[in-house]
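Quick notes on the structure that follows.
Letters A, B, C, D and E mark the chains in the order given here, with residues in each chain numbered from 1 onward.
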Amino acid sequence: MPPDRALEESPPGTGDGTAALPPTARRRGGRRALLPTWSPKLGIGLGLVVAIALFGLIGPLFTGDPDTIRNIGLTPPSGEHLLGTTQTGQDVLAQLVHATRGSLQIGLLVGVMATALSALFGIIGGYAGGFADEAFSLFSNVMLVIPGLPLVIVISGFVPADQRGSWTIAVVLAITGWAAAARVLRAQTLSLRGRDYVAAARVAGEKPWRVICVEILPNLLPLLASQFVFSVIAAILNEAGLSFLGLGASNSSTLGTMLYFAQNGFALQREAWWWFAPPGVVIAAFGCGLALINFSLDEIINPRLREAGRRRRAAAKAGRDTERVTRSTAA
Amino acid sequence: MTNDIAPAAARPAAGNTPPEAVLTVRDLNVVYRTDPPVHAVKDVSLTLNRGEILGLAGESGCGKSTLAYAVNRLHEWPAEVTSGSVTFHDRDGGDLDLLALRDEELRRFRWAKLSMVFQGAMSALNPVISVRAQLEDVLTTHRPGMSRQERRERCAEVLRLVGVEPRRMHSFPHELSGGMRQRVMIAMALLLDPQVMIMDEPTTALDVLVQRGILREILRLRDRLGFAVVFITHDLPLLLELSDRIAVMLRGEIVEYDTAETIHRRPRHPYTRTLLDSFPSLTGDRGAFLRTGAAARSDAPGEEDAR
Amino acid sequence: MTYFARKIGFYLVALWAALTLNFFIPRMMPGNPVDTLMAKLQQRGGTVDPAARKAYELLLGADRSESLFQQYVSYLGNVLRGDFGVSVSAYPARVSEVIGQSLPWTIVLVGMATLISFALGLLLGTVVGWRRGSWLDSVVPATTVLAAVPYFWLALVLAALLSSTLHWFPLLGGYDVALQLGWNREFISSAVYHGTLPALTIVISSVGGWLLGMRNMMVSTISEDYMLTARAKGLRNRRIMVRYAARNAALPSIAGFATSLGFVVSGSVVTEQVFSYPGVGTRLLQAVQNNDYALMQGIFLVITVAVLGANLLVDLLYGVIDPRTRTSH
Amino acid sequence: MTTLEVRDLVKDFTLRSGLRRSRLRAVHRVGFTLVPGRTVALVGASGSGKSTVARMIARLEKPTSGAITAVDSAGRRVEDPRYRDHVQMVFQDPFASLNPFHSVEHHIARPLLLHGRSRGRDETRERVAQLLERVSLPAAAVMDRRPHELSGGQRQRVAIARALAPGAQVVVADEPVSMLDVSSRLGVLNLLARLQREDDLAVLYITHDLATARHFSDDILVMNRGRVVERGPADDVILGPRHPYTQLLAAAAPDPELRGRLGSAEPEPETASDRDHLTYDHFAGRWIDVDAEGTDAAAA
Amino acid sequence: DGGGSGAGGSTTLVAYTGQSGDYQINFNPYSPTMIDGPGSIYEPLFFYNVARKDEPKPRLGTEFSWNDKGTELTVTLRQGVKWTDGRPFTADDVVFTFDMVRDNPTMNSTGFTGKTTAVDDTHVKITFDKPSFSEGPQILGKFWIVPKHLWAKIGKPAEDVMKNPVGTGPFKLAEFKPQAFTLEANPDYYDGAPALKKIRYVALSGNQSGADALKAGQIDWQTGPVPDIKNVEKNYPGYRAITVPMNQAALFTCSNADLGCKGPQTDPAVRKAVYYAMDRTQLNALAFENTASEISPGFALPGRDKALVSDRLKDPVAPMQPQPGTARRLLEGAGWTKGSGGIYTKGGRQLALTVKVVAGWTDYITAVNTAAEQLKKAGIKLTVQQLSWNEWSDARGRGQYELLMDSLYQGPAPDPYYLYNYFFSSRTTAPVGRTANPNFARFKDPKVDEALAALAGIAMEDTAARQPYYDTIQTRIEESMPYIPMLTGGTTSEFNARKFTGWPTQDNLYAFPAVWGRPDNSQIYLNLKPAGE
């Protein structure tokens, strides 16, 4: 009897479970498969994101009021103002810290809302099929072609001005940003819906919402995570773009509005790089960090990518192993 | 180009003339450089004779495909042939050390002398290119001198050989049934009149009835064209019926290598016996299986497995 | 044929829905064109007599006695006849005239840039994907940095560097305005010269996305079984890369390309702002800022039709490039 | 003990191509009865409608017409909410039928909880362990693993345990071993056979492998293009096939005993026969036209 | 040439009017969306310099006179003037133009009702049914005379874009492209062809690109902010800048509770406390780069209207330094008490105000943010709310705001009368909820209304007779302060003094030097000469 099948047919309790694991056992699967594999890319990405998040979260505790106006006007970085001041003498570092927090907040809000919307329309549509599916996918396709720019103004108009701020812009960005993801989710759900384990759950008597939440959703997690990350990047970038056009989150401070004020204050023309560069750099670094994290998520969604990623690293190691294997072959 | 199809060669394997080898594999080792490394093929030695059908049996993951790919050097990283040799004995007399071929030589060798048929024909055919284009690809690459007309005719000819109407040439793979796709793959493998054809589970995904039809086709073509076949499957009864000799693989090693008849009647290795017993015979004695009788009362592993 | 009928049916419904939304969205915006115009004149010329308000109300027809539904019906009718009405912000020009004047610039600049970035992305993606795991792969994350930089920021910095400081490119505009418009060498070379930097910024910021998508698809495609068949067939590497790998891997990108073509118009707003480039993006902004419903609707319609049209085209073309879809279901 | 009766089962699928729709009859007037302690095998080539029958029995698909009735030991009809307590299904692909995200315990505990067969964590865990041991798996070692950490045969055992968890007495096994490695197939089949005997289960064993159908079932139904073309005790059907399709199927099954058969000329399958729509019933010993007589006559 | 492409030849003046996006052809001087023409192509009868108290300069008219009651205006026309198509200009053209404006409500943007008759070929008479001295500058200075022989054939003159404009002006259209259009000197101009041969107007995308183009020497004249305004001459070699105080920046308040205004700002004490709490020096430095100047709480321009500033005002100009004491006294006098956090309260409600400002108007945003900090020190809480322009103007029109930041604008002649008539007359206001135009503060004072009515019947030149009424208006305004004066905003223009000479200077402000000022810019074009000629 081949030893590696010992467990398969051994009477209960006698097999020592671990020794008899089939060769595939070391492959990752289940919940652990949902975690990205560690790689330098992921490390750098997480590092950037965490650093910027901390910067935005606890930074405000250490800097002063970003709105404090000083008569010194525009000054380059100095010991007192590490990143200099704006034309109204406001401390750029303090502004940057608050703006980062504002942008993160918008990114997070949009990420959550857009992902929720796309999950709602994509997964439910995909699972329910039939008319609901047709209607949902038509709706998402229409949403895909609606221009977002005027929606910003329209939706802002419905929110009382004194309650307006990053929320409003986040809602708009979410509303205009979920559709593409929903299409992807729908396709994925359609394929998961046909899986036997979904059928098995139904045979076991599970309710539809439970099938969706417990059987289907977890397997969509990497995809959802990737879409979340993506919509956070997109939200921060779009918010900056809208702000540049003067349509942004005007009553809250974000990196976009900061850039907008820098631009309006002729920061670039005055070569006040300390005012213009940092917000862009923070956005770029944050987006880049998220993109790097997304690389790892991509590898979960499409395991073939992982193989490609591993090649190089393993190749270096291969030299050492060859020796060992050939020796054991000879034996 | 009709002389591409050699006149039916003698069938040495079954006859009395001493067998002439077309492919020799000696002490082949293949390792997957993963973490930890997998030693997928261990010291395998095989000889494939001209016109013979060699069955390669073994359960999933024992290294059958790895062996087959190694012969054609299809492996990419992380697979690596660590030692051994594969020699091709050409009809014209020359020997080719396949593992030593340079890239361009290897490219020329592939398909011209040794062709392959893979398991899933749907995925083995490019879904977005028509069947004809995929057939002609081979000819334009390996027979650059051929005219369009000749190419067209050659494709039609091989399709006819495998029993597919030539006008289906213009179809795309998904427009063909599974059986037809597999036939197209075989037709493609015949295009250059190779001396060896490696078939890696060519019928596993097919319906029993279709499978039968294809197997019959392979035998017929082999008899007519005289190529040798390496037939890989885990379906031992099928091999017993089909092949001349059988090699049984277990965890990368060949544990038994003999004529089909011997393996069927007098299996020596316990694993071969296990394998044989895994397939209840259709027409044999029903009592041979454990369903009824005292033995069936317990499904103690030893008994369940021992057959 | 029914496949096409179904597709076209879907697009018609989507078009109708989009048209309807386009009708209502601008109408929900606060403010009205007359006040906007008044305020603009005050801001610019200084003096506006209070009586002007009445005059402009009459001129621009701000008081709408028609019910919303009537407006909607006549809007749909007009749109079908290709009549989008009169632009308030460019009164008394017709919307079609305003758009017709600006659209070619946008289409040429942003369209070409999108095309170039798509082609370049596909090409680079093919090469990087084919040589996956080699040092080339480490270039990929770098391109995402470019995509993560806010576009206008990148554009402004590049413009400041390449135009203002190094004087390699002209700073603003679509051509040397001293030249005569027309299909002569001088004008075209001036237009190309002026378009290079804006196009470059678009390409830089968008090529990474195409590259990454194509690279990932290449990696997936390479492990398909038919790639193994192709290698076993002894085909040349180049042929395998192009005909087997790249051709199949490019399919999803092509669908994405159609969508991105549709967004050429709306995506051009920022580019045109930064480079003072003539085009329809600025018009959109102008329409939004001036409560110019008709112009807004006209431009939305162009965007919608462009997006839907591009998608329809790809849906139909997809049948040609991907035979599997032709007989699906 | 539950008995399951299938009568006059018909299933039509609507195929959509563009705006046009067409109907495909996947199952046509199929009828049979599953009784405790007996295994019925459903054999046939690909696309003959076997899985569709199974899915209708598992209520994953609604029959177009016909009836599927489960009757419990007291002779009462099993109505909807309780139906799943009685009838369960084992799927073909052990890799796809277990959710890679959940542990083995979850897979078995859920039906236990859903069908009120256990309460509380500890009891559930204990019952899961019992079930695992019944399917010859070391409960302690396996319980907290996830499907990918198990071999195919082990997974199929988990799937069987899951089917038994609600206390089902009718088990539909749709090609339970065709995806398994050759060497673990018999183990799973033997396990099914043992459970069937011990619990007096009624089993519908779906397969395209005539050999295992013969050895692991009492009766065999042969399906072709949605119809049952032959029925009878296992040996009678395999060794003495009457319907041309059954004969063809039997001839196609590899059999080392018949070495050399492949090379020799074989009769090409007749494309159409006048008996195509008839059913040969070995029990009755005659040809039956279900279209005329209904499945009651056949299922007798 | 300034070096950049697009600048044109060395005799072409490249002007940027702030146009963002392409031009849409429209040379109809009566169209609100016309892109140019008034003054340059079409001429008024006289030129009124709003920047300085000048006599009106003759253009098509040579003299004018009112009767004593101000109901009859007689104008003498210039002789020997030709339209650019060669036809002679006559009194008929003037009559036609005036009648056309009167009879086309869509063109009549000032509510002109006069009857115009041609006395002879060179004299026209306009009669009104009530005293209309104040209408003079509008009629004489802003009615663009158009050729009867062409315009009489147009069915709807308000809706024609005049692709080929024919006028009497010093310039005519040479070429139109959406990205730029060019005017060239009219060789047959009655005063001789202007020295400036070509003017090219270019389209850019706004202030930023204007500043960039200026830096690159691609434009010769623009009106708008540039970085570091004080050092234009150093930063842009050859260029000069000029700043003219013109519009008064103020915090508009919805001041009139009777008309439906709500909030603490309806209390005059609060408005005045805000007025005294502002640090105008700091505001000027931080928000306006010191280009703004003093403001009079009576809203006469301290420079131009110096003579009219009432000596009965408490402050002839608003204090540049904060006066916290005064503010405190005012508030406490009105019953406000300092509450927790240093903010005044009354009746349990905090002295908290919301100020609306247009998102994107950075100088104003900076100003209100700065003011918020300053007011905090004085115990007044100011919350800044940025709105899209559309919403902001909607709120302003309907009076749905507490405070907003905006500026008051002047009329067609250098006289504060127009501003008072626009912003402080009860005829131009409306209850909250209905659109006011432009008395957004909803200020209503019978004494002011009376004074305005009286002023309409007194000739503009008769300053002695007018002054008492100005005194009344200014003191009432100071008393009530519906628009809380901040600073007088300067309009800054930058121009290429190396390429052209003859630009206005602070000492010789012969026209308001804004490139978008029409017909002011034409007056400047007429004065410019290419350098070195």
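The rule we apply is simple: a residue touches a chain if its C-beta (ideal position, glycine included) is under 8 Å from a C-beta of that chain, and two chains touch if they have at least 3 such contacts.
Chains and their UniProt names: A, C = ABC transporter permease; B, D = ABC transporter ATP-binding protein.
As the structure is a prediction and not an experimental result, all values here were calculated from the model.
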item: Those chains which touch chain E and also touch chain C; value: A
item: Minimum number of chain-to-chain contact steps, chain B to chain E; value: 2
item: Centroid comparison with chain A (C-alpha atoms), farthest chain; value: E
item: Reference chain D; chain at largest CA-centroid distance; value: E
item: Leading chain pair when contacts are tallied as C-beta pairs; value: C-E
item: Distance between chain centroids, defined by C-alpha means - chain A, chain C (Å); value: 25
item: For chain A paired with chain B, centre-to-centre distance based on mean C-alpha positions, whole Å; value: 47
item: Where chain A and chain E are represented by their mean Cα positions, the distance between them in whole Å; value: 50
item: Distance between the centres, which are taken as Cα means, of chain D and chain A, whole angstrom; value: 45
item: Interface hub residues of chain A, defined as touching at least two other chains; value: 2, 5, 8-11, 153, 157, 247, 263, 311, 315
item: Shared-contact residues (touching 2 or more other chains) in chain E; value: 212, 215, 388, 390-391
item: Where chain B touches two or more other chains, by residue; value: 77, 274, 301, 304-305
item: Parts of chain B lying in touch with chain D, wherever the complex brings them together; value: 59-60, 206-209, 211-212, 215-216, 219, 223, 234-238, 240-242, 260-261, 264, 274-275, 277-284, 286, 289-291, 296, 299, 301, 304-305, 307
item: Chain A-touching residues of chain C, taken from the complex the two chains share; value: 10, 13-14, 17-18, 21-22, 25-26, 28-30, 132-134, 137, 141, 144-145, 147-154, 156-157, 160, 216, 219-220, 223, 259, 262, 266, 269-270, 273, 284-285, 288, 296, 299-300, 303-304, 307-308
item: Residue numbers on chain A that touch chain D, as the complex places them; value: 2, 5, 7-18, 21-22, 24-25, 27-31, 33-34, 195-197, 199-206, 214-215, 218-219
item: Touching residues (chain side chain E, partner chain A) in the complex; value: 207-208, 211-212, 215, 225-228, 282, 285-287, 289, 354, 356, 359-360, 362, 365-366, 369-370, 373, 383-388, 390-391, 395
item: Touching residues (chain side chain A, partner chain C) in the complex; value: 41, 138, 141-142, 144-151, 153-154, 157-158, 233, 237, 240-241, 244-245, 247, 256, 259, 263, 268, 276, 279-280, 283-288, 290-292, 295, 298, 302, 304-305, 307-309, 311-312, 315
